[in-house]
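Note sheet for the following structure.
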Amino acid sequence: MSKSSLIHSFGLSVYYEDTDAEGIVYYANYLKFVERARSEFLRDIGWPPSKIWHEFRDYWVVKNCNIDYRKPAKLEDWLTVHTSIEKLHSASMILRQEVVRGDELLTSLSIRLAYLHENGQIAKIPQAISALMVPYLFAESS
Amino acid sequence: MSKSSLIHSFGLSVYYEDTDAEGIVYYANYLKFVERARSEFLRDIGWPPSKIWHEFRDYWVVKNCNIDYRKPAKLEDWLTVHTSIEKLHSASMILRQEVVRGDELLTSLSIRLAYLHENGQIAKIPQAISALMVPYLFAESS
Amino acid sequence: MSKSSLIHSFGLSVYYEDTDAEGIVYYANYLKFVERARSEFLRDIGWPPSKIWHEFRDYWVVKNCNIDYRKPAKLEDWLTVHTSIEKLHSASMILRQEVVRGDELLTSLSIRLAYLHENGQIAKIPQAISALMVPYLFAESS
Amino acid sequence: MSKSSLIHSFGLSVYYEDTDAEGIVYYANYLKFVERARSEFLRDIGWPPSKIWHEFRDYWVVKNCNIDYRKPAKLEDWLTVHTSIEKLHSASMILRQEVVRGDELLTSLSIRLAYLHENGQIAKIPQAISALMVPYLFAESS
């Protein structure tokens, strides 16, 4: 990831609940890990889902996930989820999330979230929110 | 269980999602299995949660679980959950649920559910519902 | 999906465990649903994971998932997972899986699985297995 | 809990994955929370499961849980799990675990764990482990 933009980091431990009979983290559970990281990211910029709902009656919804599984995580591993923003549109964004164990990249995801109003229609992301997201926007080297 | 009362049976397969790194079903997941069985039991007597809510604005809530873990279930096992009613009170009930694999008893639970109104207060179980539960009431030999 | 190839179908009910506070199925849980369907598909063609391991010391591993979330599933929904094979290579395959509620397509996935030997190396899918998969190979209209 | 013994505390956030369509934490997930707390407790006294297995070929297994559900936890709650030891026997122990939100007791559990050897037989808890558990033994007032 680019050095010139902020990357949000969130750490977590792997417990029995996360593993399966192969002795590794069950493949669906990485989506739980990155959702925890997104929740903390939104809380850290000051806009947890509860506040967005309270102030705007809006909410984020996941529309697409693309997940690459490279190496498995195991019981008692300490993992870090790195989150940055690949694309920030007026009513959606694409997040890049990586699950790492130390230097090793285990899983990488590209996740598209739409910003919806309580009527279920696509809504414009308020400037108060998007302004706080811009620093996490992936700055590609030119 | 007594032969003189009805026992509800519900079958399920054990998948990877249910297991943990010990190679057996993770201990919390038996609560999922018996909740699926309770949902099917309530549907089979004609009172799924959605209908109780729609007609009476009432709902069931679990107040206590006592679980004995005897033998572990494993990946690809076919399990059956047997459900009967230990006690049927005016505003609560105690269910007996057993998870078996063929003849083997794996896990047994005693679960107390309270019947609540939408205001969160304990409510009387309507006669229309309780009448359909009586046949599943555990009939102790005297 | 094409009419000229077999499509495997697997049905399931949505229980409380599958839902979240938005009142809909939690996004990670669709990966559980399609994994149940894959397990049943492999069992139906006669090659459940336990038998592949026992006979060849091989196993399938998910390398990539691409998931489109179109419409949410809800509590008490009856869902069907349709599974067919998009690509069948010598040591991997890409499955197409769709989660539907009646006529409505809720979620569609493209999942790439590698076929590995117990040493963790990519292995050739035995003819005994691949021959039983060919009928499910997606036949594109020309 | 008694003031005269140590109590282990472990904090956690409630995420979407933990909630259900009632808008509260799904009842099985408290067993995940307290298992995380037990894992951290065992790690903190220096005997995580991996080390017990490595040194003694022994492991802990849950034999019984008794759970009282008092008040529900909700999305974005910060919860603390307090763990102490009710009974410490030669080959088993009973833990007391409480899930609290600030001053409110939400869920309380009594969990019996047996100490087993790799052959599946009950084993004596080594002095090296039990000595580090004694300080967490619930000291009843006389």
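When the chains are written out, they are named A, B, C and D in that same order, and each has its own residue count from 1.
Everything below uses one rule, namely that a contact is a pair of C-beta atoms (placed from the backbone, for glycine too) under 8 Å apart; a residue touches a chain by one contact, two chains touch by 3 or more.
Just so we're clear, the structure is a prediction, and the values are computed from it rather than from any experiment.
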item	value
Fraction-based call for chain D against chain C, same above half, different below	same
More contacts between chains, A-B or B-D	B-D
Between chain D and chain A, distance of the C-alpha-averaged centres to the nearest whole Å	30
Distance from chain B to chain A - Cα centre to Cα centre, in angstrom	36
Chain centre separation in whole Å, for chain D relative to chain B (CA means)	25
Junction residues of chain A - those touching two or more other chains	16-17, 22, 28, 32, 35, 75
Contact set on chain B toward chain D in their complex	22, 27-29, 31-32, 35, 59, 61-69
For the chain D and chain A complex, residues of the former touching the latter	13, 15-17, 32, 35-36, 39-40, 48-50, 75-76
Complex contact set, residues of chain D against chain C	16-17, 19-24, 26, 28, 74-75
